Amino acid sequence: MKLIYLVSGPTGRTPQGRAEMARRREFLNRHASQGVEVDITDIPSGPASIESLYEEYLSIPETAKRAHELEQDGWDGILLGCYGDPGLDALRELVSIPVIGAGEATSLMAASLGHRFSIITVTDSVVYMLEKMVRNVGVGEKLASVRTVDISVMDLHKDREQAIEITVEEGRKAIKEDRADSLIVGCMSMGFLEIAEAAQAELGVPFLNPARVQLKFMEAMIGSGLSHSKRAYMTPPKMANGDAKSPADLYHVKN
Amino acid sequence: MKLIYLVSGPTGRTPQGRAEMARRREFLNRHASQGVEVDITDIPSGPASIESLYEEYLSIPETAKRAHELEQDGWDGILLGCYGDPGLDALRELVSIPVIGAGEATSLMAASLGHRFSIITVTDSVVYMLEKMVRNVGVGEKLASVRTVDISVMDLHKDREQAIEITVEEGRKAIKEDRADSLIVGCMSMGFLEIAEAAQAELGVPFLNPARVQLKFMEAMIGSGLSHSKRAYMTPPKMANGDAKSPADLYHVKN
Amino acid sequence: MKLIYLVSGPTGRTPQGRAEMARRREFLNRHASQGVEVDITDIPSGPASIESLYEEYLSIPETAKRAHELEQDGWDGILLGCYGDPGLDALRELVSIPVIGAGEATSLMAASLGHRFSIITVTDSVVYMLEKMVRNVGVGEKLASVRTVDISVMDLHKDREQAIEITVEEGRKAIKEDRADSLIVGCMSMGFLEIAEAAQAELGVPFLNPARVQLKFMEAMIGSGLSHSKRAYMTPPKMANGDAKSPADLYHVKN
Amino acid sequence: MKLIYLVSGPTGRTPQGRAEMARRREFLNRHASQGVEVDITDIPSGPASIESLYEEYLSIPETAKRAHELEQDGWDGILLGCYGDPGLDALRELVSIPVIGAGEATSLMAASLGHRFSIITVTDSVVYMLEKMVRNVGVGEKLASVRTVDISVMDLHKDREQAIEITVEEGRKAIKEDRADSLIVGCMSMGFLEIAEAAQAELGVPFLNPARVQLKFMEAMIGSGLSHSKRAYMTPPKMANGDAKSPADLYHVKN
Amino acid sequence: MKLIYLVSGPTGRTPQGRAEMARRREFLNRHASQGVEVDITDIPSGPASIESLYEEYLSIPETAKRAHELEQDGWDGILLGCYGDPGLDALRELVSIPVIGAGEATSLMAASLGHRFSIITVTDSVVYMLEKMVRNVGVGEKLASVRTVDISVMDLHKDREQAIEITVEEGRKAIKEDRADSLIVGCMSMGFLEIAEAAQAELGVPFLNPARVQLKFMEAMIGSGLSHSKRAYMTPPKMANGDAKSPADLYHVKN
Amino acid sequence: MKLIYLVSGPTGRTPQGRAEMARRREFLNRHASQGVEVDITDIPSGPASIESLYEEYLSIPETAKRAHELEQDGWDGILLGCYGDPGLDALRELVSIPVIGAGEATSLMAASLGHRFSIITVTDSVVYMLEKMVRNVGVGEKLASVRTVDISVMDLHKDREQAIEITVEEGRKAIKEDRADSLIVGCMSMGFLEIAEAAQAELGVPFLNPARVQLKFMEAMIGSGLSHSKRAYMTPPKMANGDAKSPADLYHVKN
């Protein structure tokens, strides 16, 4: 099984970005099951990080186009590399191989682990985005709350210890005040920093790392011989009827 | 009051497109209240029409950037020119002036007109998109059904009579089988062809033309001295803290 | 467009009441669009103010009968003059011209402005009434809370400054504790005192004045060529089949 | 235990009406438990029958005032004599003794009998009214459908056999097409004609007669030492603070 | 009418247990209507008390088998003697006579008494169980909260005064913080200790004693000539087709 | 990773049963990932098959006790071997290792594959049981329908071809009439007969085999380093405080 982790931003344009991508590839392969290989790729242009709905939308056209290419290249499944699952439905319109979002996978897994879960994410500006995502996944009634550490994505790496500390604090409030019995780290950067693992020890409830859960959910879907329904995520009509040969043909430039 | 109707595609790149835009401007000004002027604009590049979630996402980055410019240019409100309200939330993040979606405006107006409404739209490929839109607007429990005429957006203009005929037929089924008491035309092209007006006479229930309702809803919002909540639609943090001067600064190209 | 604001109580029986009605007419005409005229009327008997469900019901029979007369008199639309929308559904059964409730119009407009709204109203005795109204409108899932200033309708005019102060305080709690991103003044008397406008400046979120929003929503509905569905609000069978010539014929006195 | 059945119309003004009221009293006493007596009364003026929301509202002011008198007269509980429970909440504001609606009692009892219930009522004009009633009771998710025999209240007595036949037919459709496992007769006149009992034998599912269930639910509430919560149904403030001595004081006539 | 209260545990195996059962029989007969007799029985083996889902399930097989025997013995109705209604649906599969659960009966009665109710029960370990029960009954939207006195079932009898005191305290919080307008004692042992009656005097809202409400709800169901729907609670197929003669035949022991 | 599939019935008491268990073990090991071993076990006594809620409850006490032993024996995870997930919550109270239900796992996986799913199961007598299970899992809003092949569990093996044929037929109706875009086989016996795989080819939508999906969901949960929350599924208090040493101590026999 060959999986590709698709970062929905041009992360590989800086040396640090490339190093981070290498680190993520290593993490994913370390957690992959026997017989599963994971590579990582990004998109040529897009937002530096996603902290608003606008930046979420900015990432989608190139990410979707890249997903279509990746299917042509023979990958078995695509891990969408942003917690809010930007454009997940569009990617599924363009391809037949499984595409898994980290937000979706963790929400569904959390629904199995307990009765109410909370998400600890970065900033206030994405709270509504994540609430909407969980509702669209279909488990909105199990969402206890979305809480934030109030650190921007770019600053997370500067002080991992502080991020863990605040995550533990907010997790504690989620359990006590919002009656959460399970917690999710709602940001891939927080995920790859293994903040969930560090916090779980202190909090005594399951704390989901999206980077791991997404990978495992993908292995489960492929292992079950399944992919998303093309009746639910229909191929765009212009591609289905042959008017467009590829996603790029659906985009026009004004003369 | 000066309003701008923002087509979320590069419609003005062909002579027919420009003619259609002129026709829409005329329609809007004809229905505008005294003291209200409406102009129309489009985006330099984007999808030719929107019949999938992928095409919806393709339209958003340029439309949002254009919305930001239009606010700088001094317009009082922006009419988002696509029924599914693509990127409406992102546009509201970028501007403070009112932005109204036709899907949202008609869903809310229909909730006032009766107990259950149905949407008659173009093709199966957008049904889920519209169901999701209505749910996000908050009136999902009043949605009786989404039905289709099964004609592509591009083909609608070729045979208006046929489009009316099928719309009447599907509207009748919506009333009888789905217990709808009000109907909405779920496509701007169908709206500007005044299909709702033609069908309403035969069906005896309110039939909402999104092109009119959206305009009037905007007049009502501005007339009430209101615009969307910036606590609900926060300015992207990188713009709020000055790191980005404009929406374009949030987009990076990989070297 | 000629609109009539129908006070659902015998307000015009005292000199102060008549003065207040004149003030409201002036307010409405000041905010009406060009080409729109608004007059005001009341009912011969009914409750002095509405602070309970019982008083709400007391107001309906005469208000509904009056609405039927107003349609005969040639008005284009009826603005129901009480925030809780008492008998709105019955009025729509009796007439074909649009009837708009302030509760309904503000709830729907607020659903467009943000994700969660709170209503600030007079007393505890109407909280459930307003919650039920919002649920029936269909946007119950967006209602964050109903809060009260704990001042009776009759006392509001005695100290406008105090009413504003408490409204600001409760609005602040609604934003912080209930996560509201938009606010509504839930009482027509508070509305015509322009408490929302005064409070909005301090709170930084949209604050809807029902007196303005109701008027504008009516202009939008008529401007869209629409009125409520008679399949949703059926004419009473005894009137539809001619057994009763007018609403009064449906009422009998025991001998 | 002394109960009073309060007809929400001036039924006793005609000889036939008085005979029907005597018949109902006899029915209720026949089904009352040992030690329970039931008398019947009506209101001096109101609608002849209730087949619209307008007629529902017409009945409430006099019915509520009468309820208040009945409490003064020492009755132990009031059975509101119209299936749609018109003004039930207002009656509860005015009195402390239990008031039970037939719509409410049957909906709650049906929720115990199975998973989904349907209501068979008179005409299309009351369907929405009953759907709203069930939703407000709190068991809306168990309502399978509201179906009609399409016979007016006044005509029901003319051909009981036909009413039973159509009720059986619609009940069968409710079971097969709407997946109902229990049925309710949604009209007091149908109830006192014992249509449910006749139909139940043919359909093999519980068929609730509102006239019996309402009585028994009242006996259960009083037998449990309970009455409605005055925090939920608050006394109108003007009565609570002594400004009004009785419900009549809340009603004013314009000079 | 002859009713049997079925304790879902082997309570009668100790002298104290037998005394408690006698006390309960006396309580039930004291509150029964004229003409109604209640006896009490238990099961030969099962959990000592129910404070977890596991213990709930432990009680069901013997309780269900006993219910089947009780129907054979000619009882008119079965009162299931545990607040969480363990196996209520299974008992209804096995018998045709009414079976009433105390959780179900109080939830439905509370839905009639007000808008929001809270349950005060024993320990944290049953909170989710009771939330699930209320949701399955169909009135989940009216549940304000489940609160606990944090005393085990076995310890309740040791200090009734303390149990009342904490119940009043939690009831007060439920009213103020959770906006409950009615309260339910969520444990049969608390019920038979008449804690609700003691607490109601101090709290001023209806406080339901499950031991009384369950009995009265049963009288109401039988008095209405009703029992649960066998389309909703189907007889197990192997019994319906004669393969099994009794519930015991459905259970096999591995050789 | 060592997993144990726990049949919730005494299947191994007959030669055919033992053969079927061997077949299932082979199936599970064939689909297990590298490094994962699966063994199978059953319980000493219980129902022959589960086609009613009563039989579901019959299976739980022994299954739960066995689960507790299996954790002591060092297994890494327990696959609960009945589609309706009988007692899943109780098993989780008793153990800390992951326990996965096939109903839960397929419902959550289906929520990722599309917008609406249908379950094809054996007989009418389990339809409500499965609807309740899906609702409790938290994805009830995505359930399109539960349909049946009307063949008893015991008869499924007699004519696999017929079972496939009817499954395809019902699946087609689910897609067309209920708008399902994904399907689930709602019975483990149907699952191990690989009916989903056979039907999927003809229907063109994902068809989930619970036997595979449950296994893969377990691998995903363990692979993510997770198990259910003990705050959600609390250890029974009597075991937590040491009064009971094992689940068996919670069960008493009447002398």
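Going by the order they are written in, the chains are A, B, C, D, E and F; count residues from 1 in each one.
Methods note: a contact is a pair of C-beta atoms (placed from the backbone, for glycine too) under 8 Å apart; a residue touches a chain by one contact, two chains touch by 3 or more.
This one's a predicted model, so the numbers in the text were calculated from it and none came from an experiment.
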Common touching chains of subunit E and subunit A: F
Chains touching both subunit B and subunit C, listed by label: none
Longest centre-to-centre distance from subunit F, chain (CA-based): C
Distance from subunit F to subunit E - Cα centre to Cα centre, in angstrom: 29
Centre distance in Å when subunit A and subunit D are each reduced to the mean of their C-alpha atoms: 54
For subunit C, residues contacting two or more additional chains: 115, 128, 232-233
Sequence of chains encountered when the ring is traversed from subunit A in the direction of subunit B: A, B, C, D, E, F
Contact footprint of subunit D on subunit E as seen in their complex: 31, 33-35, 100, 104-105, 108-109, 111-116, 137-139, 141-142, 175, 181-182, 197, 204-206, 208-209, 212-213, 215-217, 219-221, 223-233
Sites on subunit E touched by subunit F in the complex: 9-10, 12-13, 42-48, 51-58, 60-61, 64, 87, 89-90, 93-94, 123-125, 128, 132, 135-136, 152, 232-238, 247, 250-255
